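Structure below; questions to follow.
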């Protein structure tokens, strides 16, 4: 503690580097959180529409409805009659009101809108479920936004890639940086260590202050990075304005969860400890 | 040069930090390039549609067409007749073929599709131009995708924000880091500087090797960061796969332009030089 | 009791810094090691407090073969020793007081006692008025005296002093030597390397003469 | 010609490290400064080669008031001086050769000449066989001799030596002193701080005695 203050310039420097490392990890963690969240949102809204034959009897329709409800793949099913479909269409394209009113018949078929449990549409169960439904009597067509499915899958992959690949590399990199910074500070005090050994200090006596320094620096760096991350997350959207619409979801950062924050600080402490410990070994000879 | 090799551990460390700083700057510069590019793409495709009254005489239509063509705001104008509009609609919604065929009249009005020169739709000139057109006889309505306009404007703002705000802060931060690293290495050699002064070396004699070291380290760090950036940009999309569609544009990085790359290396050299020079000053007394 | 058996030391081929040194200092001896510059005096002392290892040979201190003591246990030997290094080895970022107190802190001595004992040690070398200075603000001879105070502060059983009066005036050198002699009289073994013939003549009890790594003469006055 | 007029130096209040020193060394003088540890000898030398500034007073060297010379021009004064520091100030990451060559490199002397002159300087202090060693691999006395070789290698007009023989045996100390005397005979002014009465008695020409920062006696033998 005493020494932390004595070498305050170097230590401010070290803590800054630790903080920057963790900040990078934190930003990507937060981005990963965000993408995970977006992917979830998208798959929650994934709807499969089963269009029915127009002349379907009520009984057949109910059979299909029951089958959908009972299927273990399905969370929610909603029947949309021809009239409801027309209403929805007019909501979307009000300028076509005139045309539609001129028509004598309703061109929209009735349908079931279904929300699936599985989030990944390409999974075998989902695929075979859709297949089996398509083959049922009375079902005319199945429609779902293929683009969005693929986009969602890519996003999910992106979240994992950023979270694990980049995050992993960056944590390794920051471990390297941190242990080197601490080695630097141990190195600067190698005379002191040498003299302590020569006047009869035990290894534990020599280690403890260095370990404490390392742990404190790691924790400080971790906490500082959380604080800076918080500022970045709060201030960044303010600066950009909020008119990005859907893109907003992608660019806005979500703050880390409590357990993630604690893990980050804990990782700081562990890295500080390991960094000090490993840096000391070579000086505790003779 | 000789000294660079002597202190190789610390220098590898310094170059790594310089490289990381520039890498961060480079990533954001590349992201900024990318957003700028996307914003451009979007605004290139920005089309304003002027719907015409159905019963407009050919003469009036030509007047409007001429006015649009002559306006200094407009790059391209295309007349879309009612029939063309219907064709486009059927292309988009083939399932409505039946309904449309049943109609006796064509519900789509003729229109002019116009591409504007100005990229920012909210600019005063553009606004007043649209206003003046709207007031013209024979024009029924003006339509443009307001969402996309605003999204584009936000993106453009985002590009600037990231490019200048974050980029600026990060360049300042890396200047701070770099000059501190160099100060550290000058500090480690302050005995040497002191002895050189005491045996009668001129300040220039003392400075030159340090300045060279600083410049070489800065250039090495800059070049290394360009190389790593190149790797990141090439490898990242490979890892993610290419099925992101429109999002791809946003996440894919574009490499820096030649002049940006040269500026980055130049900045490395300048920062190395300034860092060394300013770090030396305090040791050239007595 | 310090016994060296056939000690050889080679830093770099082909020269031997020490060759075949056999030497014995009984408890309570007051020994001088002398010899020209580069003859191996410092090397010999370093081997005794095991900062470096001999290439060959055995060292027995108080019946323990110290070459067999592992690194992490060597502290118990060092705690019985007081060492004055030829290059002082002071900590320049710590005050004179802390430089000396460190020896007692390592032993786990109470804060109050530390204060008193450090002051006494400094008074013995005539430097109590510089207790709160930093070593960089002392003259070279004063730094040497701090190193001496640090060596004697824990009343060691063995004192190893390497050229402890090289930067002191003759009067002060004499005083320091008398201090060592006093500690010696209380039962400590003292080994001093020096070039000062005057001091050897006056205080010498056992005298070893090194020349190019060889023990040439042993005299007992 | 070195002239000091009413030099006062205070590092910290309230003590004066030097008080009212007036002193003159003619060209070709061979002066000793002596006095107990902490009396201000090193301070006096440091003021002469302008590592530190006096609190009051004037220093004139070869008719130049050196307190008026700006920092970036002081090198021309230092190039005429050879200084042996009490703490040697060797560069531990450079070999003995480079430690000495640095003085000549600064003067822009040709590589070949440097080699020859460094070797000659090392031979004068009996250390040519350690030319390619690092200082850390030398004994303390050997390091001191490297410092001496560095001071004399550029045939300076003024030699300032601070306790140059503190870690050397009497024979070697005598040789070193003879070396200084020889350079002195060629016209250089030599000022040496030492505690060694023997050397002063043998070589002393002008002797200054410092005590607690005051110049007590000047003797000319």
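We just call them A, B, C and D in the order they show up, numbering each chain from 1.
Here is the rule we go by: a contact is a pair of C-beta atoms (placed from the backbone, for glycine too) under 8 Å apart; a residue touches a chain by one contact, two chains touch by 3 or more.
Only a predicted model underlies this, so the values are computations on that prediction, with no experimental measurement involved.
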Looking at the contacts, which chains touch chain B and chain D alike? none
Measuring between Cα centroids, what's the chain most distant from chain C? B
When centres are defined as mean Cα positions, the distance from chain A to chain C in whole Å is 64
Taking each chain's centre as the mean of its CA atoms, how far is chain C from chain D in angstrom? 29
How many angstrom lie between the centres of chain B and chain C, each centre taken as the mean Cα position? 69
By the touch rule stated above, which residues of chain B touch at least two different other chains? none
Where chain C touches two or more other chains, by residue: none
Partner chain C, residues of chain A touching it in the complex: 6, 191-192, 194-203, 205, 284-286
What residues on chain C touch chain D, complex-wise? 11-12, 34-38, 42, 86-87, 137-142, 144-145, 163, 166-173, 195, 197
The chain C residues in contact with chain A across the complex are 49-52, 71-72, 74-79, 81, 83, 89, 91, 93, 102-103, 106-107, 150
